[in-house]
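In what follows, structures are represented as structure tokens.
Okay, so chain A shows up in both of these, paired with chain B first and chain C after.
Moving on, here comes the complex of A and B:
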């Protein structure tokens, strides 16, 4: 194990930036983004084939040393999510699964109740379960008891790039959870990612902000550096804020 | 024979799963096949005989966050 690596399941991650395969202009941008960002885990989704367009194997664009994190998007219930997870594992994606169960199609809010049920089912089956949730401390505790490997609270609704709108609620999770806290969804800028890491988040998951940047590889690198800086600042224990000015130089006059 | 393919009923003259996939011209590397709720691995496709009323899901991984 390397210094300051994040453990999830039986894997150690030295990069605390997780990425996604959605919304890229071309899948060909994915390997360059992974290389530039150093991201060691990436999400993908499972869907019925579209018989009108030729299928493309997205897994071909992901180097073998990057951990696959299939998501259960499209699931509306715990049972549907469990089915997707089992198919993904059977298809050779490994044991990691991001539970994403959305029943609210306007705001794309995760359904915490179904997500807890899916976590209970899949943790029992030996999956490394990473549930995507609204930040809710009692729920996070239930997820931990159910065997979740981490909790992944949203910063803002999916794809909005609005940053840490749920900051104070995420802070409660960071302060109280025994499993890692990964901020997922809503992170739009490297500064948002740095802020999440400064707060003590264990990692961030960024898809839209990287994939839809004009240069996804460069943006991936920018996020990687921000995540590293934020993590380093957290470990260095930041100085306290103060309501009044605190002179950095002696307060005596220059020559008096 | 009728199959339920990704939720749609289709007429099919193929005998095996491998024939059906060839007939449809699908990208085999990326394809995940679920037959009546069970995953059928690619090496089993030629030996998997289709029956009237079989429910098939043809799936693949796509971009997602």
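Moving on, here comes the complex of A and C:
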């Protein structure tokens, strides 16, 4: 069987679990988590990178074979996000960029309008743009035309662990997008991740649920297995769900 | 519309009656909710809720880890001047106090900045007394530009300004502001602020709002606990924070819980907030506003600050001096505004945070 790899930019990912560096009690927990989960891409906020205090430099805790996905967390406009992306590239963090523009500090909702503008700017500059958005099909279409490498709809607001609250809207993206759909934010349990993958999501990004677990490495492993199970179920073409039981004595049985 | 409308609503409200009627069942109901009403918040601040402190702490811990992770952001204060035209009966910088008055020159500020930056600190808060003649806008703009060369984030804790002035400071590199109302009770406010521009309750009350309107990323408010009845004061602080969150979706709102400490003046506060009540306030606020920043300064002692780590705090000052200057050449520090009871250095505070399973964050923003 051909290996089931996900392509983003010029990179191929055999693990469909992406992770994040935020919220860990110590950066030292990150290598063990990456090892246990097999995650091949990890996102980190550029604003947290601190070159002045070497012991706290997050980059030293990320193995070379793991792709860095710098994010623009803290940006409130397309221009700010674009500046952060350029600085990340100049700092040697590669061409991948997760656009995260939040103008709502109360619910931490992504600003779809600014995100589309940033995607237009950065895709033109050759970045592999992964925009974090509210699931909205017409917007996803515009992001595709603007050159986004994937769309990353939220399952539920960041950090809430509430799972796939936007499930039916994500389903529209999965059905209609030509670029990969990566469910980002809100995934609180391995079962949520499995459900997203069963639906046909191409990958999931999980940070809070892993970073804040008592044992982040073990939780990373649990998520990896759930993502694999969900992906296998999707590829195996599950039987359709039915809202009602299938009657064993059909009403039209007499019609032959 | 300003937060004053809310202050007025509670002008004749009897907190005593509300607290007398609060039952255990109401506390438990408030604790079981995802979104608390203002009445639920007040319920959690009641003496009745003090009996539920462990349950409050557990919930506050869960919410904080969920939204902020196990991280504590560090910052350091730099007093650039202690000249003050105000006469606040509780403050070490009171104009009537016979203390050595100093204002740092830009050269001195540069030296202080170098000394502080070498500790790894990336977020700085600069403070002045309220003396517009001696520390005018031009001076503060120069200070901001100077500090911005050394730090990722520059915050101010200076006298209240107009929107346009906050905007100018933002252009000079300031991204955040701290301003304590000190006291929401208007009667007590009048009594303790006896001279100077600080007598203007309204101008101060609306300053965080003006800063948010000017586009500063983050505003930090607080009441000096002990001046007036603390439960009602902290209740209004929480409502003020929520008002700012609701009105300015793109502004990060943070709250401090300063309480009395010995300082130069002989002021004896009318109320004392003990450790248990302090923790009750802190956890109630976290449960009411899960995403609000909570700042605790070195007014609190080292052992107590270490204990607070899992309870909802998100920002600590560290390695602080509260006299003018004091980082470049320790012997030059003048009389402090208030006494510090956590005297550990930056590295020591960071190590203690680490030892408790938390990560000390030196840098969380860079205006680029």
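In the analysis below, the second predicted complex is superposed on the first by the 232 of 256 C-alpha atoms of A that agree within 3 Å, B and C clash if a C-alpha of one lies under 4 Å from a C-alpha of the other, contacts with A are read in each partner's own complex, and residues count from 1 in each chain.
Note that a contact is a pair of C-beta atoms (placed from the backbone, for glycine too) under 8 Å apart; a residue touches a chain by one contact, two chains touch by 3 or more.
Please read all numbers here as calculations on a predicted model, not as lab measurements.
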Chain B versus chain C as contact partner of A:161, first or second or both or neither: second
Which of chain B and chain C A:108 touches, first, second, both or neither: second
Partner chain in contact with A:25 - chain B first, chain C second, else both or neither: second
Touching partner for A:9 - first (chain B), second (chain C), both, neither: neither
Which of chain B and chain C A:71 touches, first, second, both or neither: first
Which superposed partner A:208 touches (first chain B, second chain C, both, neither): both
Touching partner for A:200 - first (chain B), second (chain C), both, neither: neither
Which superposed partner A:91 touches (first chain B, second chain C, both, neither): first
Touched partner set for A:59, first chain B, second chain C, both or neither: first
Footprint overlap on chain A, comparing chain B with chain C: 22-24, 27, 47-49, 56, 87, 159, 208, 211
Residues on chain C engaged by chain A in the complex (per definition of touch): 65-71, 117, 120, 122, 152, 217, 245-246, 249-253, 291, 354, 357-366, 368
Of chain A, residues touching chain B in the complex: 20-24, 27, 43-49, 51, 54-60, 70-71, 73, 87, 90-91, 93, 158-159, 185, 205, 207-208, 211
Residues on chain A engaged by chain C in the complex (per definition of touch): 22-27, 47-50, 52-53, 56, 74, 76, 80, 83-84, 87, 103-106, 108, 159-161, 208, 211-212
Complex contacts: residues of chain B adjacent to chain A: 6-7, 24, 26-27, 29-32, 34, 39, 57-65
